[in-house]
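What follows is a set of structures for review.
Two complexes come next, and they have one chain in common, chain A, joined by chain B in the first and chain C in the second.
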Partner chain A sequence: MRAAYLLRRLLYSAVAFGISVTIMFVILRLMPGDYITLYLEGIYVIAPPEVVQAYNHAYGIDRPLIDQYFSYFLGILQGDWGYSLSYSRPVLDVISEKLVWTLVILLPATILSIIAGIAIGAYSGWRRGSKADVALLNGMIFLRAIPSYWLALMILLVFAFYLGLFPLGGYVSLSALDTGIDPLDVLNHAALPIFTLFLFSVTGTYYLMRNSMLMTAGEDYIVTARAKGLDDMTILRRHALKNAMLPMVTRVALQCAGMLTGSIFVETIFSWPGIGMLTFEALQVRDLPLLQGILLMDTLIVIVANIGADMIYPFVDPRVEVGNDARA
Partner chain B sequence: MPGRNTALYLSLGVVLAYCAVALSAPVIAPFDPFVISGPPLAPPDATHLLGTNDLSQDIFSRLIWGTRATMVLGFLGAVVSVVMGTAVGIVAGYYGGRVDEAVMRFLDVMMTIPFFPLLLVLTIFFRPGIYVTAVIMGLLGGLGSVRIIRSQVLSLAVADFVVGTKALGARDGYIMARHILPNVLPLVGVKFVTSAQHFMLVGIGLGFLGMGDPNVVDWGQMIERASKNGGIVLGLWWWLIPPGLAVTVISLALAWFAYACEERINPRFQVMRV
Partner chain C sequence: MIDRRKPGIILLCCAVFFLACCVPASAAVPGDTDGDTLVSEGELSTAIQGYLNATYAGGSGGLDRAALSLAAHNTLNIPYGQIVVAVSGERDLLQPAYIDAKGVPEGSLIYEGLVTRTRDKGHIGWLATSWESSADGTTWTFHIPEGATWHDGEPVTASDVVFSYDYLKEKGLKNSGVLKHVTSVEPLDDTTVVYYCDCCMPLFPDILSTGPGVAIFPEHIWSAIENPAKQSDPEYIGSGPFKYVSSVSGDSYKLEAYRNYHGTLPYVDKVVRKLYSSQDTQILVLKQGKVDYVYDLAPATARSLQSEKGIGVTQIPAGGKAYEVAFTCDVYPANITGFRQALSHAVNRDRMCGQIDSLATEPTDTVFLVPSLAGDQVNEDTNGLYDYDLDKAKKMLADAGFTLKTEGGKNVLYGPDNTPVTITIPLGDKASINKVDEKIVLVLKEDWDAELGIRIEVENLQADSSAYKKRIGETAVHFDGMPGFFHDDISRLDNFQKSPRGHNYYHFDNATFNDLIDELSNTMDAVERQAIGDELQVILSEQVPCIPVCSMDSFNAYRSDRFAGFDDLILEGGGDINILSHIKPASTEVNR
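This part shows the complex of A and B:
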């Protein structure tokens, strides 16, 4: 049963990805002002027709649309995601190189925010209405309302500019030219971006965990545990926490997708050479092949994260599978 | 909990104040936001309350005018998003079956494409003005509202009072408009406020990434200019901080407002701890 379910899910994601690719194709090829002209406008005042033609030929834009569509689609599947205009390199190469750097800040920030979010959220939900809960909740609402780009700027201004505790940007010091990349030096540069991303995503985890805990705290088995005379902390740890944490599996998947958006601002402000900064650069020079590559990569990450969550969920919560059997 | 009403009225007051500033921008602003009004990069003084930027434009006037862009981005986007979300959500939830299935599958596909990168690609291609940007954001962001409204309508559609009205021979359109809609309105209201907040942040974020409408003064472009052209390196806080602070205050007000409303309408929050 589990295999059939997973198969259906995989098939379904494949369709979703195919449709995303199609949408991307439509956006790229059928819209007013083709992107080659758009890009050349950035170089020439008026692009010579021969140059436009040469570019169009090189990128296959002079072929029939249906031809272009199939070769585009096949290309995507074979790892040919197009050719970046500004980097003069295959898009997938550029993206995978930058993705590593994004993960360097994204992974620690995600893991930290999940741990902290679960801990604070669980406590806050368990002690619903207490002073600590109200203070935490208002603090989180406050934090969530601050735009990430401004928060990043303020953190940069305070910790790097005024206090001088951390570098103003980049990922290594100039000394890396002589000594090679030193992990400690990278960590020093990564600290502020990680901290900002952490603040940016911890609120979401907190909200969900608190809500989940509010629901769990009203369940019958909690009342039973209380009636048995178990002390508060034991109920929280042994009964409430485990059940309230279940929705977090899905949350983690969604968070991966959300953090990519956050990283655009954070990386741009801290000059961190990852996907976010790459997106910003691509926007500045109107490098559409690169942008659509990034969009495809983001889509792929969302799909993979969702499938991952779906696959893990039945192991964490056996009830989900029972529900599936009953329906099938 | 004391203070909840205070938070509600205070946040409502802030939102109204912003609207007032947006409407009366030409009267309040001492200078034209685009005109050269003094020396460049002047620190704050009596004529230029927040100094001038690198183009010698008065920062305070730009801040006032920027309120308009923020309001348009947020509220126009939210109107589009909520109207679409409510209409589609009610129809899908009420009819159920194939209509519902089709809508939900479409949403599943659309929602795998990340909102913000897609918005960036669309913006770079269409180079839309501020109004079109708001509409695009509303349409993309409304997809999430469809789901929320639809799940609420699903249970309403089989509620006794709806089934009863149907038995009396009322038409579907009448039931949806007169019986379903009023019941989802509180949810729609909260969704409107949170959407407005979200679209303001996103719209200003676009400006910050250099994707803003160059004919409009918006806070995102102000922050971008300030951070790029020396605001950080020279430590010019009066240039860098006010636009961001202005966004933060309105965003905070809307967040608190939505939260206070949600607590009132959501029965789950009233369940007390055992």
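This part shows the complex of A and C:
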């Protein structure tokens, strides 16, 4: 049953992916302007028409749109996501290289924010109305309200510039040019970006967990557990938390996908060479093939994250059986 | 009795202390006593004596051992130390497929072009030691030095120059458009190469060196590569003063002085370029001393650094953009010459400069060329003709058939067709950077709207570059913000020529002007060219297709406590390759 469901989901996801690719292809080509000319104007200031023509031909822009679409679609399926204008390399190569570095800061930040958000949110919801809850809630509201760019800059200023505890940017020290990349050096450089991303995302997890816990705390089985004489912490750990965490599964899956593009600010401020900074650079120089590839990758990740969330659910809540028809 | 002198003395000491702290510490090259950043043999000899005296004879002063070593390196022109340069984008780092992605000689320290350009429109030979042209400008001969080698030791010959041209054309690389008028390139011998062009090319060295220019690549490496755009170059073999050492993808790369360089060896041994994507971060690392040179700073940022100890700031006149109010000369009411002439007296440049940044802009009172760049190419007779005088503007509008009326307490200008004059000004593209166009339109509204009765409507197309480009051909007035070097030579007046390809930005079409441009393109003699340029500027002053507003300066900052010689070199121009080849280490701290 589960296998059949998985197959069905994969099929639907493939269709969703195909539709996304088509929409992206159409929208990006409906955008006004000739991106080859715009890109070449970054080199020539006024792009010579013969060079524009040569590049239109090289990149297949002068072919009929339907031709371009089928070539593009087939190329994607075969792993050819096009060629970056600014890097002069396959788009997939460029994205893969940058994705690794984004994951270096994204995964720890996401895991930490999930753990912290769940723990603090659960405690805050369980202790609703208490001084701790009020302090935490207001603290998170304040944190959420801070503009992300400003927060990243302040963290950089305080911890890297004034206190000198961490480097000001990049992912390695200059010594890497002589001795190669040292993982500890990378970790040292990643600390502030991870911390910043953590602060950005922990608030969302906290709110959701707190609200979920507020709803769970009022359930009958919690009252029953109390009536049985269990202490508060035991009820929280054994009954309330597990049930309150169910909505978090979807949240976590989508958060992982969402943070990928949300890391633009962090990566730019900390000069971290990930997908976020790649997107920023591609926008600056109008490297359309690269932007297209980044959007495609984002779409793929969201689809995979959704499937992943669906598949994880039964393990979190055995009552849920994916693929079961709701009718008896 | 109160000693009134005491507070005064205290104040004086505080002032001296304050001033001392505020004056940025600027290091001289150890041993250099005449301030020319070079340590002559005589100066080195004096420094050695001072050292020996201090070390062995109980004397005082003198350089320490490390500083003496630095002085000796300078005298003998042995590269020393390392400079770290901040770059803002990964496109400024080495790309694996460099030959396709890049190619601008002044932006590369590894690869050389034949020549590079200086600020006064002269050229310094890089790979070429000398060059000459035929009388008709269709043939250009370049001489490359004997004994020049690539970084792998192979000799650089004329064959490499020929190959670079053929390869660029055959493979359709990004810079191939630069050489569109070159029909062939032939070697005369191992060190002489000739470019044959299909038309007169009076500014051929310019074409080779700027916007974007071309570099020379080694035939023995690239001839074997079928698809250079897909080729990852692991070694970056060039002929420039620096050679590739190592790189960390997406972060930094290191070069070192090429000891067998055919020209003058750099004084700095190593150059590291490190990526700091945000300008805020670049300033912080400069202050922290992790980086020695940052460029393209915003004026306010640069000013904030001027009082920092150990940091020098260079302000390059007209190094940024040059702004103008441009007319579309075939759109009403800009199609009326009298209207354009009248409005040329209604542009308050001083106020506009004040709005943009009074300390970083210079009003331009010529007809197009920026004086600090074009120098004596500016026709003095056409300077200052567009003086700000609203009364004159009103009178000239009346002479052109426009009528100024007062309706409901407001001035309204009626055109010859008896309808109120309304002008739509699109905002976008290059003039929108730092919202310069918004600041210009603010001042224009005060004068054109309130005083002259011209209704101004603004269309914000900053997010849509293509729509903006289309719109400027439909509206009577728009703003332009091209780089300063687009206004630095009389050859740039071809911006106003109606070419066979169609309209220029201004839709300006003057038969005499068009013919003069053709004549200029086919004239080699500098005196004759200047005479034509003067005529062209007179036509522009009469026809007024545009009203120059101002030019903006550009700013760089560097560690003045570690390096000497930046200021003059930056102002000379020639890009990074000129600067980084000639600056001198001034502190032993750079030996890292």
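Side notes on the structure shown:
Criterion: the second predicted complex is superposed on the first by the 321 of 328 C-alpha atoms of A that agree within 3 Å, B and C clash if a C-alpha of one lies under 4 Å from a C-alpha of the other, contacts with A are read in each partner's own complex, and residues count from 1 in each chain.
The rule is simple: a contact is a pair of C-beta atoms (placed from the backbone, for glycine too) under 8 Å apart; a residue touches a chain by one contact, two chains touch by 3 or more.
Predicted model, so just to flag it, every value in this text is computed and none were measured.
Per the definitions stated earlier, placing chain B and chain C onto a shared chain A by superposition produces a clash between them.
In the superposition on chain A, contact of A:P183 is made with neither chain B nor chain C.
In the superposition on chain A, contact of A:R144 is made with chain B only, not with chain C. When both complexes are overlaid on chain A, the residue A:S20 reaches chain B alone and has no touch with chain C. Residue contacts after overlaying the shared chain place A:P49 against chain C, while chain B stays out of touching range. Of the two partner chains placed around the shared chain by superposition, chain B and chain C are both touched by A:Q284.
Applying the stated contact rule after C-alpha superposition, one finds that A:T268 touches each of chain B and chain C. In the superposition on chain A, A:L153 contacts both chain B and chain C.
Of the two partner chains, both chain B and chain C are touched by A:F161.
Legend: residue contacts after superposition of the two complexes on their common chain; A:I222 is shown touching chain B, with no touch to chain C.
On chain A, the surface touched by chain B in one complex and the surface touched by chain C in the other have residues 33, 153, 156-157, 161, 168, 268-269, 280, 284 in common.
On the side of chain C, the complex with chain A involves touching residues 84, 89-91, 95-97, 100-101, 172, 174-177, 180, 211-212, 229-230, 232, 245-254, 272, 274-278, 280-281, 284-285, 287-288, 290, 464-467, 482-483, 486, 501. On the side of chain A, the complex with chain B involves touching residues 12-13, 15-17, 19-20, 23-24, 27, 31, 33, 35, 128-129, 134, 141-142, 144-150, 153-154, 156-157, 161-162, 168, 214-215, 217-218, 222-223, 226, 257, 260-261, 264-265, 268-269, 279-280, 283-284, 286, 288, 291-292, 294-295, 298-299, 302-303, 306.
The part of chain B that touches chain A in the complex is made up of residues 1, 108-109, 112-118, 120-122, 124-126, 197, 201, 204-205, 208-211, 220, 223, 227, 232, 235, 237, 240-241, 244-245, 247-248, 251-252, 254-256, 259, 268-269, 271, 273-274. Residue ranges of chain A in contact with chain C, taken from their complex: 32-34, 38, 40, 43-45, 47-51, 54-55, 58, 83, 86-89, 97-98, 101, 153, 156-157, 160-161, 164, 168-172, 174, 176-178, 181, 267-271, 273, 277-278, 280-281, 284-285.
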